Structure formats: C-alpha cells, structure tokens
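The next part holds the structures, each set out as structure tokens.
Next come two complexes, and both contain chain A; in the first it sits with chain B, in the second with chain C.
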Partner chain A sequence: MDGNPSDLTLLLASAQQEIDGLRDDPRMSSLEAGSRGVALRSHVLDLIGAVEYRVAQSPTPSSPEPERRAFARSMRQSILVLRGAHAALPWLEATRRPTLNLGSLYLTEDCARSLVGNDVDLVVVPDPEFMYSTTSWMFSAVVISTPGFVAATTRRPIVLNYPLSDSDRLLLHPIFAHELGHAAVDEHRLVADVEAALDNDPSFVAAFGKAVTDMEALWTAASPTQIAGTVRASLRQWIEELLCDHLAVEALGPAFLWAFSSFVMPLSYGVPAQSHPPNTLRTRLLITHLTERGWRAYLDRAAPNIMSWLDGIAADAASPIAMPYSFLRDQLLAYGQVLRDTALSRAGAHAMSPAEAEVGANEAADLLAETILPNGTHGPLDGRSILLGGWQHAFVEHGDHPGGIVAATRDRQIQELVGKAIEMSVVEQTWTEEA
Partner chain B sequence: MLLGREDLNDALESRRLIVTPILDQRQIGRGAIDLRLGTEFLLLQRTRRAGLNPAVENQREVDELQERVVVQYGEELWLHPRHFVLAATLEFLRLPADLCAYVVGRSSWGRLGLVVATAVFVHPEFRGCLTLELVNEGDSPICLSPGARIAQLAVHRLERPAESSPGEEEKYRAPVRPQPSRLASEHEHAEFRKLSALGDTLRSRLG
Partner chain C sequence: MRDLQRLEELSSTAALGLWSDDVVVAISRATTGTQLTDADEGLLKEAATILDSAAKRTAKPLVTPRTARALAATDTALIAVAALVSEGDSREQKKLMTSLAKAIRRAAKSALEEGDSAQLTRAMSLFGIFGELQLVESNSVLTSRNDSKAWTGTQAISPSF
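== the complex of A and B ==
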C-alpha cells in the first residue's frame, strides 16, 4: 500500500535525486540581477524550496496511515513537477544564447511590458514542435499548494515558445503579442471581467439558459448542470483567445492581422473547437476592431486585395455551425465591444494608433524599397512602425494577394533588414536616453 | 580623393552616403568614420574534415562549419591569440556610385594585436553591414564588446562614378550579419572549373 515505510523511503530518495539534479545543473548557476531568466530560475528554486518544505514535514513510520498516504500523494505530485522542471534548464540556457533575432526580442519585451506589466521576466525559446505557445508560473501547482512555504519570486516568469525555423521571420512575430495576451489575461483576470459583464446582462443570461435547454435534446446523457459547465468552459476559452487577439491588435495594429492570416489561416478555416473559436470569427472580430480603431483606410491602402480576401473570410463567420458553437459565436459577436474595450483598457497608453504609426511605417517602407536599413532618416523610428513598414514593402515585393502574404514571411532580406532596424532603433533610443 | 570631416558630414547629411546609426557625432573624425562592433559572430567550428577547399566544397558545407553566436550588448566575446572570427559592423552603410571606402583597424586595438579586416575594400554602391575578419595576432586574449568602436572607414571619391554593369550580381546583397565566404558558391565554382580545364589544356600541350 502506498505510504508504507518502503514507499516513503523510495519517494524521499527520488525527490532528493530530482532536487540534486536540478540544483547541480550548471544551467541553474546564478544570473546577474536584471538579466533575462532571473525570475524563472527563482521560480525553480521556489519549487525546490517548497518540496524540501514538504519533505521536512514527512511522517514517521508510526504516523497514522491516512497521514502517510496523503504525504505519499503529495510527494508523487512533487516528483512529477520536479521532473517537469528539467524543461526549465534549456530555457535558462536560451537566455544566455538567444536564438531569436535581437530586434524581435526587444519588440516582444516591449509588448510584454505594455500588455502584462513591468514585473515580467520574458524567456523566448525555440519549440521542437512547429508552434507558438506560452506558459507562465509553470511550477506554481506545488508552490502554492504548500501551506506555510513562502515563495521568493515576485516577477512573473513567462516562457514563449516559437518554431526555431521562425527565428528570423520577423513578420510572423506579432503572434508573440497574442501569446503574451494569455499572460496578460491571467495576470489581470480579464476573462473574469468580460464574463462578469456578460452575466450582468439579462439578455445574455436568458440566451445562455436557452442554449443549455436546446443542448439537452442533443446531449441526452448529460445533465443540465454538466451541459452548462461544458458550455461555460468553452465560453471562457473562446473569450480568452479572442481577448488575446484584441490585445495583439492594440499592441501591434494591422501587423497582427497579417501575421495571423499568414500563419493561422492555413491551419483551419471555419471549424470551431472547444478551446478555439473558428478563424472566420476571429478574422471578423479583428477587422471590426481595426476598423473601430481607425485602421481601415490604412489597411485598404496597404493591401486592398488582401483586405477584400479577409472581408470574405469574415463574412463566412455567419456560416452555419453546430451547437453550442453557434451560441458562443452569436454571443461573442453581440458582445464584441466588451472584448475590444477590455483590450483597449489594458493596453492603455501603449495602444498603437494609426495617426502616429502610419507616417513611420511609410518611411520604413520607402527605405526598404531602396534596400536601406529602415531605422529612420532623422532619428530612430518606433519598432512597431518599422514592422508595419516591413509588411507594406513585402506586399509591394510579393504581391497584394494571399500568396504574397505567405511569400512575405519567406523573404529573408526584408525580414533581416526589419529585425536589424528594430534592434538599432532600440539601441539608438536607449543610447540617447542614457546620454 | 580621401574625404575629410566636412565632406563626410556633407555626404551624410545629403544621405548620398549612409552610415546608420551614428550613436555619437564624435565617430566622424578628420579623415574617417569610426565603426562599431555588432552583436553577431561566426566562429569556425572544430571539424574532422581535412580542411577547406573552396573549389570542391559546396556552399552549404562551408556554412555548416561556422557557428553563429549572438553576444548581447553588455556581454563579451574573448578572442584568443591566433583565433579568427567573423563579425559585422553595428552600422549599416550605403555608398553611392562615386564613393568607395577602405575599412581599417583603429590603432588602439591594433596595438593589442587585433586585426579587424583583411578584405578591406568597400566597393561603390555597397549596401549593408560590413563583415569584419577579426584575428588576434597578439599574445594575450582580447575582450570584444558589441558596440565598441573597433574599426574606421576611410571614404574616397572616384574620379568617375562606377555604376554596376548589367548582370554584375553582388555576392552579398545588403547583409546585416557577418557573411561566410562565398568562394564555394556556384558562380565561383564555375570559375574554378574553368581554371581546372585551363590547367588540363596547358598540360596536354606538353604531352
């Protein structure tokens, strides 16, 4: 039976081995204050500290059986998380040898500060799978469920994964802003804000009740409570995904729409999933958002054919889909303003506005047309404008059509110039500020 | 004619000559512009191969021998005696058709034993970041920091502008990173093959 003396001996030895393995690894060596990865390392040390705290409370062989079994369960959970924490070692290594283009790294760090807050430690690492994703507070399951243990980490560690092949595909990197949105949503409890706004509206409450009733006929084996729980879980996940899109739009403007179209649209069209809304709906809400924020004229000037193609995709958001997805879609379309307002409120003064960005983007595009580093003629341009100018020029080079939007992300020359220009823009601004 | 400070400033202000960013106006000296070290380096990896023969290797094999390393601002790369790395200038340059340049080391670094460029000529209409061939010829390791003023660009005016002729392709088009040798490219291989054929023909004359 688990929790017997032999089992406890095994668990304590195993936990110690995992702790030693982590602590002795050279990649866990201390980092200079302020360096990337400091909070991530501290979070791993908190995990180790929490497990050691648990070990110190280990029962004796004569302790009551329920106590020993509970401890054994807690140790098994700890060992599982400790083993998972080995994933942090290559992440820490990546902070010392970044593979991501420096310009993109700086831009992503700016996005993290504007969307999540200043207290973040961003670690960007290549992912063996061809996907963008994010995690933060990855080992907190053990840390926060160890009563009496006080964690030392206060800054949020965020790990952003990206496909290694995309290291220099700057035009796709606005997807990072969406991924950072997940950390922002978690840090500032934005889904709960949106949900509260919906639940305060009697018409939403009535629609939700009707959806559950309608579903009862389809899911005959499930109780109304189970159905309501499932629909609610999907609603929250869809809200989170859409909020991340809107946050990315506030952070980077149309560059996110184009990156999304190039990377996400080839993966799925109008098929909804429990965790993700259909891309037709996402496109529609993105265009509505950009239009509301004054970007429509710019979008039509920069790539009219691509906008016409995207408008067609957005129109398909109304195509029939099964329940409960049609309910989710209809409600999130109806309450789209709540999503947009929530994102704008979070981005605050960091929100990108067309009036400020377009001049810089045009200048960057003009410089690129002459194969000149687009960091600005009379002073450093804003990195976000440079990115936008990169897309503008890419449409000129590769065509204003869906094929062009993909070819743009394969253009090494444009993206290297854009990355270098963003890096130089940050270096020049920082140099001037320090002077 | 070598351009002095006033001519350099005129050329930079009119944007005929582009050197960007210039972080400090003091980089523009009496007869040259100081250039800074960038953040990317190409280090030659240890290999089990016999060596490098650009006439035989393909470009990919040559590229794979070099490891790309990013040294961030505030960090260092130590160059040991007789070691060789490729780096790039922090600055992006564009020269018009009537200007060419030479990139040379700064004496302060030279006195430590550092050679910054062996291929020193920058041709008219060049655009991009210059690749620097760094060698430590001294006896003591040298610490390299991105952003350090490491080289200088002496700019000359041509008597007649040298526009590129049609079909004259640039091997390195607006690079922003250190570029590995392109001697193993198909274009250069064609030249090596021609040389080989020439050798065969000349040898057969004797036999």
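== the complex of A and C ==
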C-alpha cells in the first residue's frame, strides 16, 4: 500500500532529486536585479521552497495510515509539478538571449504596464507550435496551497509565447496585447466584474435558467446542475477572450483588429468552441468597440475595402449556431457595453486616443512611403502610432483587400523599419526624460 | 506545443489534490487529539464549505461556485461522494455531504460529539478518493497532449489566442 516506509523513502529521495535538478541547472543561475526573468526565476524557487516545506513535514512510521497515504499522494503531486517546472528553464534562457524584435519587445512591455500594471516581469519566448499564448503565475496554485509557506515573489511573471517564425512580423504583434489581456483579467478579476453585472440583471438570470432547461433536451445524460456548471464555465471563458480583445483595442487600436483578422480568419470563420467565441462574433464586437471609441472614420479612410469585408464577417455573427453557443452569443452581444466599459476602465489614461494617434500614424505612413525610418521628424513618435502607420502604409503597398492584409505581414522591409523606429523612439524618449 | 496551458492546468490540478490530502491530514489530527494549527482549522472549514456547496449543486442549477477552483472542487467532491455512496441515490449523497460537513466543522472547533469519529473516518475516505482522482488527473495532464475537452470536461485554465 502506498505511504508505507519504503514508499515514503522513495518519494522523499525522488522529490529531492527533482529539486536538485532544477536548482542546479545553469539556466537557474541568478540574474541581475531588474533584468527580465528575475520574477520568473524567483517563482520557480518559490515552488521549490513550497515542496521543501512539505518534505519537512514528512510523517513518522507510526503516523496513522490515512496521514501517510495522504502525504505520499502529496509528494507524488509535488514531483509531477517539479517535473513540469522544467518547462521554465528554456524560458529563463530566452531572457538572456531574446530573439524578439527589440522594438516589438519595448512596445509589448509598455502594453503590459498599461493593461496589467507596473509590477510585471515579461518573458517573451518563441515556440515551434504556430500559436500565440500566455501564462502567468504558473506555479502559484501549488505555492499558495502550501499552508504555512510564505512565497517570496510579489512581481507577476508573465510568459508570452509566439510562433517561432513570427519574431520580426511586427504587424502581427498586436496579438501580444490580447495575450497580456489574460494576465490583466486575472490580476484585476475582470471576468468576475462582468459576470456580476450579468448576474445582477434579472433578465440574464431568467435567460440562463431557460438555456439550462432547453439544454436538458439535448444533453439527456447530464443533470441540470452539470449543464449549468458547464454553460457557466464556457460563459466565463468567452467573457475572458472577449475582454482580452477589448483590452487589446484599448492598448493598440485598429492595429489589433487588422492583426487579429490576418491571423485568425484563416483558421476559423463562424465556428464556436467551448473556450472561444466564433470569430464572427469577435469581429463584430471589435468593430463596435472601435466605432464607439471614435476609430470608424480612420478605419474607413485607411482601408475602406478591408472594412467592408470585416463588416460582412461581423454581420455573419447573427448566423444560426447550436445551443448553448447561441445563448452565449446573444447574451454577450446584448451585454457588449459591459465588456467595452470594463476594458476602457482598465486601460484608463493608457487607452489609445484616435485624435492623437491618427496624426502620428499619418506621419509614420508618409515617412515609410519614402523608405525613411518612421520615428518622427519633429520629435519621437509614439510607438503605437508608428505601428498603426506601418499598417496604413502596408495597405498602400499591398492593396486594400483581404489578400493585402496577409501580404502586409510578409513584408520584411516595412516591419524592419517599423521595429527599428519603435526602438529608436523609445530610446529617444527615455533619453529625453532622463536628461 | 501547448505546454504553457498544460503547465497552469497541471499546477491547478495538483493544487486541488494537495489541498484534499492536507484536509485528510487535518482530519486525522483532529481525530487523534493532536493540537490543530490555524492552517488545519482553515482547511477543515474550507472542506466543510466545499461539501455544503456540492450538496447544494445537486439541487439547483444556478447555485454555482464563483471561482474555477471552487467549481472544480465541488465537481470532484460530487464524484468522490458518488464513489463513496454505493446506493447512487442523490438524496443519500446530499445527506451524507451535509452530515460530513457538520462533523468537520465541529472538528475544526475541537468540539467533537459522539458519533463524529465514524463520520470523520468517512470524510477521510472521501477526501482520500478526492486526492486519488486529482493525482490521476495530474498524471494525465503531464503525460498527454492538450486535446480539446468534451463539453462535460474540466475547463481549461489558460487559453491560447
């Protein structure tokens, strides 16, 4: 039976081996204070500390059997997580040799501070899988589940994952803002805010109850409780994804809409998933948000045909879809204002203003048309305006149509100029501020 | 690879298992007369709350826990209780969960009553099953690809774009 003295001896030795393997790895060597990856390394050390704390509470051979067996299971859980933590080692190595375009890295760090807060440690790593994704506080569930152990890390570690081939495809990097949205949603509990607004409305509560009743006829093997729990879980995931889209709009304006369209529309059109709303719905809510924030005239001027195409996709959000997805879609369309208000409130003063950004974007686009580094002629342009101008110029170069939006992200010259301009702009602004 | 998502999922799954095993240890201490720590008392109160939540979830669809962790915990508690109650009668399960919650609350206050010892032994079995289920789940998360889950599966914790 597990938890016997031999079993416990094995588990304690194995846990120690995993701890030593992580702690002694050269990639875990200390980093200079303030450099990227410091909080991530500290978070891994907290995980190790939490497991060591548990190891120190090993039961004696005379302890009751349930205690010994429970301890054995907790050691096995700890060993599993320690093994999983090896995934963090390449991330730590990436902080010493970043492969992402420096201009993009600066812009992304600025987004992180705007959306999540100042106390973040951003690690951006390439992945062979062709997908953008993120994780933060990846071991905190285990660390905080160790009663009596006090973690040392207070700064949020965020790991952003991007496709290996996209390190210098700047025009797609607004997707990072969406990924950072997940950290913002978690840090500021934004899903709970939106959910509370819905739950406080009797019409939503009634609609939810009806959806569960309707689903009973379809999911005959599930109880109403299971159905309610499953629909609720999906609602939360859809809210989170949509909030991340809205936060990305506040951070980077139309550049996010264009990056989003270029990346996700070739993958899926109007098909809903348990974790993600259909792209038709996402497009519709994005356009509504941008319009409400005053971007519509700019969008129609910069790429009228692409907007017409996107308007068509948005209109298809109303196409028939199966339950419970249709319930989720209808409710989130009805409560879209809550999503927009929540995102704007989070971005606050960092929200991108069309009036200011458009002037800078026009200047950047004009400079790019002359193949001049678009960092401003009368002072450094804001990095977000430079990115917007990059898209604007790319439409001129590659065409105002769906094929052009794809070709834009392949144009290395525009993206190199945009990245270098953002980098120079940040350097100049920092130098000016320090002077 | 989707290791980023799997890592958070692994951590969340393992944490729930660690919690349930800590509950077993706390109940064991309470039944053997060991002085309970503040952490033990906190664990016992949480365990009683989860059982109460799980009991309520059998009755009314909209009584849903607010956090992902509580949702997962009550789901697992329901499965563990079903494994413990051979009759499979939902009323029996609800009755058992409520009864165990009361005994655990008394244990947290070090105010055990006659008959509580047997109930606490059952509670240790329950949270032991709970821990075993989570250990199986953790192994599955670490060793498998992150295939999309069925509608009734545990929700993914960290999404991709």
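One rule holds for everything that comes next: the second predicted complex is superposed on the first by the 435 of 435 C-alpha atoms of A that agree within 3 Å, B and C clash if a C-alpha of one lies under 4 Å from a C-alpha of the other, contacts with A are read in each partner's own complex, and residues count from 1 in each chain.
The rule is simple: a residue touches a chain if its C-beta (ideal position, glycine included) is under 8 Å from a C-beta of that chain, and two chains touch if they have at least 3 such contacts.
The structure presented is a predicted model; accordingly, all values stated were derived computationally and were not measured.
Asker: Given the alignment on chain A, is it a clash or a fit between chain B and chain C?
Answerer: After superposition on chain A, which the two structures share, chain B sits beside chain C with no clash.
Asker: Mind working out whether A:S74 is in touch with chain B, chain C, both or neither, as first, second, both or neither?
Answerer: A:S74 sits against chain C, while chain B stays out of touch.
Asker: Hey, is it chain B or chain C that touches more of chain A?
Answerer: Touched residues of chain A are more numerous for C.
Asker: Which partner does A:D127 contact after superposing on A: first (chain B), second (chain C), both, neither?
Answerer: second
Asker: Contacts for A:W309 in the overlay, against chain B (first) and chain C (second): which applies, first, second, both or neither?
Answerer: Neither partner.
Asker: Could you tell me if A:G229 is touching chain B, chain C, both of them or neither one (first, second, both, neither)?
Answerer: In the superposition, A:G229 contacts chain C only.
Asker: Once chain A of both complexes is superposed, is A:W391 in touch with chain B (first), chain C (second), both, or neither?
Answerer: In the superposition, A:W391 touches no partner, neither chain B nor chain C.
Asker: Could you say whether A:V142 touches chain B, chain C, both of them, or neither, answering first, second, both or neither?
Answerer: The second partner, chain C, only.
Asker: Would you check which partner chain A:P98 touches, where first means chain B only, second means chain C only, and both and neither mean what they say?
Answerer: first
Asker: In the overlaid three-chain picture, find the nearest pair of C-alpha atoms across chain B and chain C and give that distance in Å.
Answerer: 25
Asker: Once the two structures are superposed, pull the chain A residues common to the chain B and chain C interfaces.
Answerer: Touching chain B in the first complex and chain C in the second, no residue of chain A appears in both lists.
Asker: Contact residues on chain A for chain C in the complex?
Answerer: Interface residues on the chain A side: 54, 64, 66-67, 69-71, 73-74, 76-78, 80-81, 83-85, 87, 127-129, 131-135, 138-142, 144-148, 159, 161, 175, 178-179, 182, 192, 205, 208-209, 212, 219, 222-230, 232-234, 236-237, 240-241, 263-264, 273-276.
Asker: Considering only the defined contacts, which chain C positions touch chain A in the complex?
Answerer: 1-8, 10-12, 14-19, 21-22, 24-25, 27-29, 32, 37, 39-40, 42-43, 57-62, 64, 66, 68-69, 71, 75, 124, 128, 131-132, 134-135, 138-139, 142, 148-149, 151-152, 155-156, 158-161
Asker: Taking the touch rule as given, give the residues of chain B at its contact with chain A in the complex, in rising order.
Answerer: 15, 18, 20-21, 23, 39, 69-70, 72-73, 90, 92, 94, 127, 129, 147, 173-177
Asker: How about chain A: which of its residues touch chain B in the complex?
Answerer: 97-99, 102, 371-373, 375, 377, 380, 413, 416-417, 419-420, 423-424, 427-428, 431
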